[in-house]
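What follows are several structures.
Two complexes come next, and they have one chain in common, chain A, joined by chain B in the first and chain C in the second.
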Partner chain A sequence: MGNKWFFNLLYFLFSLPLWMLPFFWMAADWPFPNLFPTTYTVRSLAGIPGLGQSIGLSLAISLSGALISTLTGFILSKEVAYHRHHHHFLLIGYLPLLLSPVLYAMSLFYFFIMFGLDATVVGIMLGQQLILLPYAFILCMGHWTDTFANYLQLTENYGANRIQKVRYLLFPMSKKLLFLCLFQTFLISWFDFAITSYIGVGQVKTLTVLVYQYLLEADYYFAAGISALIIYPPVLLLIFNRLLAKGLAFLRTELPST
Partner chain B sequence: MIEIEKLSKSYGRERVLRDLDLQCERGSTISILGKSGGGKTSLLKIIAGIARQDTGIIRIDGVDHSQTKSSLRKAYYIFQEPLLFPHLNVFQNIAFGLKLKKTDKTVLHAQTTTMMEMLELPEHATKYPHELSGGQKQRVAFGRALVMQPQVLLLDEPFGALDTETRAMMQQLYLRLSGELNFTALFVTHDLKEALTVGDKYAVLKNGSCDIHNGIESLMADKESGLEAEVSFWSNYMNNA
Partner chain C sequence: MKKRVLIALFLIACLGPLLTGLVYSVLYSLGAIGWLSQGITLTHWQHVFTAPSTYVSFAFSLYVALGSVTVSFILSFGCVYLLSRPSQRAKPLAFAWFIPLGIPPIVAAFISFLLLSGTGVLARIVWQAGVISEAHPFPSLVFDHLGIGIIITHIMISFPFFTLLQLQHYEKNQLAELMGLARHYGANRRQQIRDVMLPVLFRRSFPVLLLSVIFVMGSYEIPLTIGSQYPQMISPLIIDYVRRFDLQDKPIGYALSVVYTLVVLVLAFFLLRKQTLRYGK
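For the complex of A and B:
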């Protein structure tokens, strides 16, 4: 019982910024040192120019980025994992993650200008892949164990073709990893500000760029509102994902026998 | 029948098999003994076609399979781990190979059911691997291979991870199935008692090649087999007890 309270307290403390965002968004007056605003007002986000377009743009960039990096990272890691020089490839995979994303974007910005990719959606997607792909690659590398290699040999021994290997072995035994990787890379891309604003030169207005724009204009209340738009969907997705996982586990026990 | 001629395999500079010759008559089992890292697993994987030899010839029932695809050899490899698919139940695991071959549904069902009966598994048909004991899992792995009607069975310490009692039961089951289905088998084991129980002949792998022994006396005379040392240990132990 004591443990339950302790962990509930930790959950609350670590998610405090999430609870505070709506107060910030709805506050009309919030004098220091009050813990909560003294008066509230309703600020509709519908009036923010280009908000719908920003949401669409952020979703498109993050979804496509997550899909591309997850699939490429998965395939690449499988090809590399059983190579005798796999540790070199793994080390190379870590290199892009050593620099902060903004320094990384800065150091490669020249090439983006050269190929006309600055201030474009394609440029941002490509820039994000420089972080997302190594991340997915490293996450997937741990999946390819000696036991998995034996499974691959077993399916080969039983005559599985490429499609059958994917259908009966690779997908069912990797789907948890694939969903995790997809979710994580989506989040990295969804919350990215550094690469998006640097390579996009502020011209490609994703949600994070929009937040920063309102912060610069000292309109903290709208910035908080847009931040809520950025943060709550992934949180809801996470909750939905856990519920779905529970539901699937329940369904699995109900599957017909043969 | 398996015939191996001058089989060689190297990993980098390390030569694990060198000009190895081996013959195993149809319907018989050869127990393979030898030190760890001595090339036993490599030998079995090469025969199964899931690893490639550098040189040498592999014939199964008179047909040269040195370069054929693994699935065309009808030589099935049984790993030390059962390697059951966790998302498939017992029935589906046993029927795995038949499903890959796109076997007719009625035939698939009949053959899998027969195999489950032979392995005393029908009551576990709907269970998933995590609900089975170690011995049951290994029986399913056996069923998955045997339902394919193999010409050759390649067993790589299949009972190595089981407790003594289950291991003895599995050895008896193996002998029964071997008699009923008349398959040819190479059985790798580190356990001398197991080697003597399941094998018709014994092969000791050393320095990349192997010596075949037709009986216990001959095996006893081979120091590398460890049989003489084992017998003398137990006789000393019993004398001192």
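For the complex of A and C:
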């Protein structure tokens, strides 16, 4: 019985941001001792200047960043995984991820200025790749097992050309990994504040930059609304992913038994 | 040929920016480059090693990292123990465990601010409970010198992740069966936890725990949003030096970032070498 209460309390705390942020977004007045706001108002999201542009920017940066890093990481990891020094390469792949992203961006900022990439969307996309690419690479490395190499060899022995190999072996067997990698790199990019704010110099206003800007201005109601916009898409995607994993069996990749 | 090109591309993508940034930072810290550069000097490095703020900042970062990772591990271990009971194991894992994974650090810091500040939700609950009658007796847990707010926020993000990770290790290492075997040989519940469950889960989680310490040490958004001005964690301190109005402080920031980078790389090298070599086999 005690366990049940404990876990219910824990789940309530975990889900707190999901309802607290929209709730706070609707608050008009919340004087101190009151547990709940005294008055509410319906704030239009359109009231936030440049919000539509920020959503578009965040989406464009995250989607393109996820696509580029997943594809590049997938291709590079395949070549590296079957190299005789693959464990050393794996170690190298980890190094950029261990540094603080903002310090990494800081150490390279001069070169972004030199190439005119500071305060630009392209600059931010490139800056994020410093982290996204090694991450995608490491995530994909575990995929390339000896069994997979044997399958690749087998298809070659049976005379499959490159397109057939990708269509009938590589893609079906890597579908799950590719979706996972896309999702995770999208999240990293969507959540990024450090690289975006440093290389973007606060000029490229993605959603995270906008939250920080409103926090600095002490406009907590707007900050809450934008924060809700940041956390809802990934959570909905997680729910969707769970439903997908449960219900849609056709996405489960298994080799036909022979 | 194609293989070599791709491997070269990989090395350029991973090592190129890292080494370029490191060399640039070293040159800047030595005064060899930069707007107000007057030739190579060790003054900035002397300042880094003599200023108390350097040691305070490193110690504070380590304290926050060790504090949040240790508490997260203990909490998650407790939850895994409770979730591994036969009555709980039959149920599927609640979706709520995944929600904190979808919260970025900047939003987590903002939520902590709403909950833990002097007039936040927690202070209001305490007031409603009749413990305080004014706002000021409630200690603000954000912008505090002990970094309590930063630690709580990191725990909020990492504790569910550690729980999911340990649950995976619990299943993979067949701990239920191992503990059953220990019970069969006469071990009581406490001995099963202390001598079977804890060593296995700690050993399996150790690399991730160490990596988490490194990540938290270098965290930026959370200490920037709810951290105090003094002591500062290492990332905000470095950015503070580099962005100051006085350009003479900029090389000090770069020197500090070189020290931080080297510390992290050396730590990671020894940790990961062992792990990746094992993985490689």
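The definition used in the following text is that the second predicted complex is superposed on the first by the 227 of 258 C-alpha atoms of A that agree within 3 Å, B and C clash if a C-alpha of one lies under 4 Å from a C-alpha of the other, contacts with A are read in each partner's own complex, and residues count from 1 in each chain.
We take it that a residue touches a chain if its C-beta (ideal position, glycine included) is under 8 Å from a C-beta of that chain, and two chains touch if they have at least 3 such contacts.
For clarity, every value in this text was computed on a predicted model and none was experimentally measured.
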item: Which superposed partner A:48 touches (first chain B, second chain C, both, neither); value: neither
item: Chain B versus chain C as contact partner of A:173, first or second or both or neither; value: first
item: Contacts of A:71 with chain B and chain C, given as first, second, both or neither; value: neither
item: Touching partner for A:164 - first (chain B), second (chain C), both, neither; value: first
item: Partner chain(s) touched by A:153 [first = chain B, second = chain C, both, neither]; value: first
item: Partner chain in contact with A:121 - chain B first, chain C second, else both or neither; value: neither
item: Chain C versus chain B, contacts on chain A by residue; value: C
item: Interfacial residue positions of chain A with respect to chain C in the complex; value: 3, 6-7, 10-11, 14-18, 20-21, 24, 32-35, 72, 75-76, 79-80, 83, 86-96, 98-104, 106-108, 110-111, 129-130, 133-134, 137, 187, 190-194, 198, 208, 211-212, 215, 220, 223-224, 227, 230-231, 234-235, 238-239, 242
item: In the complex with chain B, residue positions of chain A that touch it; value: 147, 150-151, 153-160, 164, 168-169, 172-173, 255, 257-258
item: Complex interface listing, chain C residues touching chain A; value: 3, 6-7, 9-11, 13-15, 17-18, 20-22, 24-25, 79, 82, 85, 87-88, 94-107, 110-111, 113-114, 119, 121, 123-125, 127-128, 135, 160, 211, 214-215, 218-221, 225, 234-235, 238-239, 242, 253-254, 257, 260-261, 264-265, 268-269, 272-273, 276-277, 279-281
item: Interfacial residue positions of chain B with respect to chain A in the complex; value: 45, 48-50, 69-72, 76-77, 79, 81, 83, 85-87, 89, 91-92, 96-97, 99-101, 109, 125-126, 148
